[in-house]
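Supplied in structure tokens, the structure appears directly below.
Should a chain be cited, it is by its letter among A, B, C and D, assigned in written order, with residues numbered from 1 in that chain.
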């Protein structure tokens, strides 16, 4: 890893000993793709000759440089390419799925949710709004208004000091795109970065940050199989910025757990006694 | 999560009931209780001779008066007392459970979640932080730091303009209480109303508002089976304020659903074409 | 005030004993208007024969009924109609100004700010984004993108459980309107209710709630002197909902102040010793 | 600047061309100090032999390393050390003042506010809650509950994924400290990172992030002239993390301004026509 690549990477933003990703290794990004439209639809293959996942991976690497190490995982891989081992070695996971959400096993969806709560970053793209990991983490239906008729989308920044908006034009212009409109049934984002408009006059909260457990989630709606949106340099930059923002804050990964402390913990220095979920249903009773 | 699949029939989830705040009828509150400690523990019966659920119901009625109509539902009732009919006629549901979260059926937990997303208010009390409906709606573990050693709890208002804080002293003093401390693994509350401190020096975000779908959720941590906290007039007032705040904003109850509009919807006046989940997994593809 | 009018109004959402403003008197609303365009521009007189302030007042009364008592105050009144006495008797103040922001005295602007911090509600309309009271309370420039070329504005609800969105169509359609676009330089709203789009493709956070001190502020951008926007029934309903939402949570009005408590305040029952600003510059030192 | 210093610096977090702080120069931090107690009070000189500002500067440099270039500015310097030139060359300004807030000129206070709105980061420490720049930016009184009686303060993290919490123990223990308690009259923080408790049972939102204009503001309450709190390694780490977080997102510094665009801006490619404040009072009318 060269000095240049380190400069290109925000990894350095977690400084010092507590840095989640040490200076000695790059940010580990796993790009998950459904890879079904690519097999079925000629139009999609035209837009993305090497698959949508490759375009998304390239978005990350071209912007974050050698500061990242990427891996691709696909729906049809064993365990969808998301084994416990892979997730344990993933700092940020990107997710694109559309026509086969239901084919993702509940076990893997829960595993992704658990890793996010333990600190892994998650960048959910476009139709991933209905993916199992995202809806589990949101708790809502994540439905929206919708149309696929070549709308022009304008992506406006409403949070100019946010790192995900760094270097992004105001607005991003996407000539042809699927329309996603409000009401988008998500929790209120912790940080709202972008709002889009469409040819039909609809608006959409298109760039949304959420914090869940110890992990960060960025949802970004531009991007579709029917249009070459992931070839758009500004869209690619946003995805890379989002991956960068979502990097873990802490080095260790641990799902939050019930922790019991005596009243005099402060005086005795006694540390917490973690209590397992099973016994803790009634907190020991 | 099957919330999405339930969207396939938005009509079915429409109660057709009148406005929640219709002029002609009071706010309909269902008080759900686990009612197990009361049967098992003499101490709990001393604190709550008529059951914890009765104390919670009284908190609501004594503060909201004839403006409310209450109903009690218990874990051991058929369908836990929360049939589709009961929820359809409930404006706000309060939830207290502790030792038997796992005995709540997934079907009922999902039903409660669906009604919240469709507009029903939900007030989650104390150990309900680990209940199925709440954790489904939050998407996080909802774990916390904990101790049961007769801490003094002080409940401080950090949002003085919030209606839930109306008429509440600063701080509420609770002489004996279980300790719940940070980190409380919840999403960032949409509105943070109260923060508590405890004898051991811990702090806790004890009054938290969340908006999910078309429904409002208020979590309030004071209250326990081992201490007569629900007899505390300030605590009772907060619960009533929370019920009042959580009342539905809209008359009709409907789970958010995918809606397709043509580009020229505005010119033609064509209305949305709800699209069921089944066909919409890939939005029709 | 009849029972019917209270039920018809969202005032009913603060029912019973917890109501912040007693049932025995109506909500006192002061409608402030600049009243300059009306004198100068024939077009404005056509849109608003009795002045813009009258249209705004009518919006409130027609929706909140006998539950409100309104008063009109104008720039050219002594002290702009906003004496200490008037503000002390105002629960919610609405503000419309455009061409004469600078003519509002600093003294009155500071008085309004102080009353908001002490609990008075404030509803800021359209070009009031640049008024002295609003920019003082926000701390930012409150600038925006702008054009006056008869744009169509669509006002979309992004927070369907919010009381200000109750009864509002999705979207509100305004045929002709001035364009206000992002970036709107305001603090992140505490509650974002509406987002608008315009003919030119711009978006705008058009309905924003802020909490400052003990007071609530609602900013709503639709409304202009050059178009009859305040005659639009949905716009009028939003204004009334906003007035209702902004009502004070507490009966007493008091600017937050420095308060000194000894360590053993809890044991001794000693109450706080308010410390005046002057002596407290260095907190007594 | 060495590779090491770049790793130690989060400068790299704004990657690519738009990075606010290019790879070729360090983050420029100006540490502002009142420097009055140091002259007057022997106790303060004992706690901070080289002045409080030196301790704060050391907190930044020891944690961010050669990635930063610091400058000290004091109240008694010409223009308080904060000329237009100095601010133009400051990426992040830290502010500590206590007994002489009123001696800061309105001109300099307004200059600081303007630079924050244009993108400069601001870290406000402890008694700076009542400083002119902070209260101007907040719009509220920023008052609080208070006592100076050697309380123990515990600083708890409520936002574990936040970069400012990286590497910080849960809780930070401060043996002796001034008490600052709720209600703290600030706007709701955009991101709440820390909540403290004190010996007297009070709580305080002690680590708060705000976004204003294009700038970021971090308020952190631990730190006092009467106790050696700025010698505490965890407190120092938080200050450094806050400085790092507050760095500008954009390279250019520009106060938000009114911008007029024609309806067909999109088709013609016509760019915005900035409109000066003076002529724009009524937006040109």
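Criterion: a residue touches a chain if its C-beta (ideal position, glycine included) is under 8 Å from a C-beta of that chain, and two chains touch if they have at least 3 such contacts.
Predicted model only: the values in this text are computed from it and were never measured.
S.K.: At the interface of subunit B with subunit D, does the proportion of residue numbers present on both copies reach over half, so same, or stay under half, so different?
M.R.: Interface between subunit B and subunit D is built from largely the same residues.
S.K.: Give the chain pair, either A-C or C-D, that is connected by more C-beta contacts.
M.R.: C-D
S.K.: Please indicate which chain is farthest from subunit A, where distance is taken between mean Cα coordinates of the chains.
M.R.: Relative to subunit A, the chain with the farthest C-alpha centre is C.
S.K.: Once you find the CA centre of subunit C and the CA centre of subunit D, what distance in Å lies between them?
M.R.: 30
S.K.: I'd like the Å distance between the centres of subunit A and subunit C, where a centre is the mean of that chain's Cα atoms.
M.R.: About 38 Å, centre to centre.
S.K.: Could you check subunit C for residues that touch two or more other chains and list them?
M.R.: 154, 159-160, 181, 183, 188, 190-191, 201-202, 211, 213, 266, in rising order.
S.K.: Taking the complex as given, what residues does subunit A use to touch subunit B?
M.R.: Of all residues in subunit A, those touching subunit B are 37, 98-102, 113, 117, 127, 130, 132, 135-149, 151, 179, 181, 183, 185, 187-188, 190, 199-202, 210-213, 255-266, 272, 275, 281-283, 285.
S.K.: Under the definition above, what is the set of subunit C residues touching subunit A in their complex?
M.R.: 152, 154, 156-160, 170-171, 181-184, 188, 191-192, 195-197, 201-203, 205
S.K.: Mind pulling up the subunit B residues that touch subunit C in the complex?
M.R.: 21-24, 27, 63-67, 119, 154, 159-163, 165-167, 173, 190-191, 211, 213-216, 237, 240-241, 244, 247-250, 266
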